[in-house]
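What follows are several structures.
Both complexes below contain chain A, partnered by chain B and then by chain C.
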Partner chain A sequence: MTSGTVATRRRRHTFQSVRWRRIVLGGGLAVLLLLLWQWYSSRSAHNIFIASSPSRSWDSLVALVTTGSFWSVQLAATAQGLALGWSCAVAAGLLLGAALGYVRTLREALEPLLFSINCVPRLALIPLLTLWLGYGLTYKAVVVVIAGFFPVLLNTMDGVRRADNELMRMSRSFGAGPVWQLFTVALPGSLPSVFAGLRQSLAHSVVGVIGAEIWASSAGLGWLIANAELQVRTDRIIATIIVVTVVGVLLNETLRLVESRCTRWYPRERR
Partner chain B sequence: MSASVVAATRGAGVIVVLLAGWQWAAGTGRVDPEFASSPARIGTTLWHLLSTSSFWTVQLRATAGGFAAGWSLAVVVGIVLGVAMGLVGPIRDTLEPLVMGFYATPHIALVPLLIVWFGFGFQYKLVVVFIASVFWVLLNTIAAVREADEGLVRMSRAFGATRRQVIATVVLPGARSGILVGVRLSVSHGIIGAVIGEMFSSHQGVGFLVSESAQLGLIDRLLALVVLLAAVGTGTNAALAALQDRLERWRRPDTG
Partner chain C sequence: MPSGDVCLRASGVSKWYRSGSGDTTWALRDVDLTVMRGEFVSLVGPSGCGKSTLLNCVAGITAYDSGTLTLDGAAIRGPGVGRAVVFQDAALLPWRTVAANVAYGLAVQRRTTAAQRRQRVEALIGLVGLTGFERHYPAELSGGMRQRVNLARALATEPELLLMDEPFGALDALTREQLQLELTRICDERRCTVVFVTHDINEAAFLSDRVVVMTGRPGAVHSVVDVPLPRPRRPELRRTSAFAEVEGQLWERLHAQAIEVS
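Right, the complex of A and B next:
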């Protein structure tokens, strides 16, 4: 009992000191790099044209997020494509993944096909999809589906397949049928794996929607980046990259929050 | 027939049926072959592409050059930085927030910035490939070095090994296989990174062929290139995995 408390206290102590060291050292490096960047760009007009500067990028970022159309047009366009595509990818991935993980015949029939399709690099399909679908919402959503589908599928399949054998046997001897077992044992047990898949899928989907918009679009965060590139506005490119990164991190953290809520009942050592 | 043979036949059967259905639909005009292509057309185009000498001497060479340069740089930087970050706490604390920040950035969003900075030549490709592959090496190296066998470290300490000796004889040999996993994964990601980079900005290379085909509406050639890219990426990864398995055979006690 006592030794446990001591160990916990020590761990907490190291954790805090590590965090402080990280803030001081890591933050120090970031500040140093920003200062170097500012100094470099202040040396000539050419430098500031190519590299922009921290203060200019910051001004650009502020100007960007205080414009009404940024929220109502650009962010909305990206969010629409992402939401539509990702929900389709998740729905299809969960359904097919559960079916494939649970029914062996189906898995054996479809696995080779799915694995071969999985070999295709997603972003290389973008030019093809523009030819087939144009550059509207459908195109964006399809790119996102292609980017986000496989992580959900593969992780769900894996999670359902690895359903706890003892629980399965026990529920069967208590009279549960296969469908009942799927919903009470196999699917709940696969949650950690499913969530790992969802997070990976969301990250790939963000890359997909931004890549699709950079390649061809008429609005969206990716369009903002491509447009700023055409006008050689480095500050605006950097500002939009920051927005994209923040959006990605926020989405990931939200999903993590949902995950910890949904898997709270799960035995800690197996999470 | 054993169960696995039945399963393999079934899996292959599904693929064959789908390809045959596609071919049939295109052949009978149920789908427009100019628009939807067909397996036979893709095959012919791929063969034609691969038997053109300029594909090898110009396009593939441009892609391979950018890949080789960016990838080797990524491996060197990834391993050196990864070992340093894995072993030395202050270095890790200093660099990790920056590394994680860049890792969290969707790399595709950086492409336009790199185009503004480096244009469309060798330098640009080098940087794109570097970014596409360095994190695989770096993060795997850090993890591998940090996961050194605690028991072995403590034992060699107890037998009087210095810190330097522990690193050279226990930590690094133990981390080798983890580092190699990162290096292996970085190859296929680097190759694909090179092509994607070229797709957005280039005047030659496999990715240039992709964007050129898109502009000319050559769907057959686009699909042929996609198939080629999938095969090269997966083939390289599988070959390297087999190679690694061979190198690491001593590790597994059951095979001696």
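Right, the complex of A and C next:
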């Protein structure tokens, strides 16, 4: 007990000083780069036209997020596409992943096909999809599905497939059939792997929805970027990129929170 | 003590594997064994003698290739509600709490209501001395505590026959003796019928009514040793001459076959 407390205290102490170093070094570098950027753009009108500046981008960001239509139209459009597409990708990935991980025949039949499809560069499909689907919600959602499906599928499949043999035997010894074994042993055991897939999938999905909107759309964060490009408003492009990044970080952190809730049982050293 | 009726009967049970070159390896060959109701029978023997295989056949999670294996006169063809296994490495579901793990077998068998289950789980957690740990996860428990949960999970289904596969083999000596003591107490209380696999002679002598000594390659019954020691078994028993005599008999038989093999 006592030695444990001492160790914890020591670790916390080191952790704190490490954190301070990080704040000073990392933050210091960031500030330095921003100052350099500001200095560069202040040197000529051409520079500020091409590179914008931190202060301009900041002004643009403030203008952007204080406009009502930014939230109700642009962010809403992106959120819709992302939500619809990601939930479809997750549902399909989980179902098919669990089935493929669990049923060997199915896996052997479908794996070669799926692996080949996985090798198709996603971006190259976008023009095809606009031809087929136009540039509405369906199109965005389908791009997101294509971007986010495989990480969920592959990780779920892997997690279910590597179900602990001894636990499966234990379950069977009490008379559990394959379905019970799947739901009480294989699936819960695959959760850490599934969550790794979900996080990867979410990151790909954000890239997917923004990419889809940049290519063709009538509203959304990606549309804002494309539109700002047409008007050569570097500051607005940068402001929107900052928004996209913040959204991505928030989504990722939320998912992390859900994950730590769901996998509290998982031995800490393996996290 | 045994009331006279047969619980488990094995006659001529064999299990073999065919290797790639077509040779047959016998895991079990013509095993005959009878376990009476209320009896505690241990299977001892060198590693690879098929004692765990036999246990798995009785549990119904390994298929045997010939012979008959009956529980209360009915042939064993798979897992069934009358049997429960206590596993070597605890085999607890890491995402379930102690209470949920103890309830697992009951939940799978769907013979009880949630309320009955809760009541039985609570009683069993008390029986194995884990009150207060209901909401802990397996990763937070010691090896000995995990085996207690393992035992409670099996007992929760109220099996006619309890199958234990070297459950204390990986524990330190002190914890092992403590758990052996509690196991005999629980078995006396509940009049359990137990088949217990171990390679520890001392453990077999301390717990059993009869000890089946097995030989390896092919796995078969070498001989059966009766353990005429009084119950309840107490820790002091280990230092009596009667105990030493049983242990000596077992030792001799195990070593006799070791010499036969070499």
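In this section, the second predicted complex is superposed on the first by the 260 of 271 C-alpha atoms of A that agree within 3 Å, B and C clash if a C-alpha of one lies under 4 Å from a C-alpha of the other, contacts with A are read in each partner's own complex, and residues count from 1 in each chain.
Following the convention adopted for this analysis, a contact is a pair of C-beta atoms (placed from the backbone, for glycine too) under 8 Å apart; a residue touches a chain by one contact, two chains touch by 3 or more.
It should be emphasised that the depicted structure is a prediction, and the values quoted were computed from it without experimental measurement.
Applying the stated clash criterion after superposition on chain A shows that chain B and chain C can sit side by side. Contacts of A:Trp71 after superposition on the shared chain: neither chain B nor chain C is touched.
Touch criterion met: A:Gly211 reaches chain B, while chain C stays clear of it. Once the two complexes are laid over each other on the shared chain, residue contacts for A:Val232 go to chain B alone; chain C is not touched. Within the superposed three-chain model, A:Glu166 lies in touch with chain C and out of touch with chain B [touch as defined at top]. Figure note: vertex chain A, arms to chain B and chain C, all at CA centres after fitting on chain A; angle 100 degrees, rounded to a multiple of 10. Of the two partner chains placed by superposition, only chain C is touched by A:Ala176; chain B is not. Touch criterion met: A:Pro267 reaches chain C, while chain B stays clear of it.
After overlaying the two complexes on the shared chain, residue contacts for A:Pro188 are found with chain C alone; chain B is out of touch. Measuring only between alpha carbons, the smallest separation of chain B from chain C in this overlay is 12 Å.
Comparing the two complexes, no residue of chain A contacts chain B in one case and chain C in the other.
Residues of chain A touching chain C in their complex: 166-167, 169-176, 180, 184-185, 188-189, 191, 263-268. Every residue of chain B that touches chain A in the complex is listed here, in rising order: 6-8, 10-15, 18, 35, 89-90, 93-98, 101, 104-113, 115-117, 192, 195-196, 199-200, 210-211, 213-214, 217, 219, 222-223, 225-227, 229-231, 233-234. Those residues of chain A that touch chain B in the shared complex are 18, 21-22, 25-30, 33, 50-51, 105, 108-113, 116, 119-121, 123-128, 130-132, 203, 206-207, 210-211, 214-215, 222, 225-226, 228-229, 232, 234, 237-238, 240-241, 244-245, 248-249.
For chain C in complex with chain A, the residues that touch the partner chain are 59-61, 79-81, 83-85, 87, 89, 91, 93-96, 104-105, 107-109, 137-139, 157.
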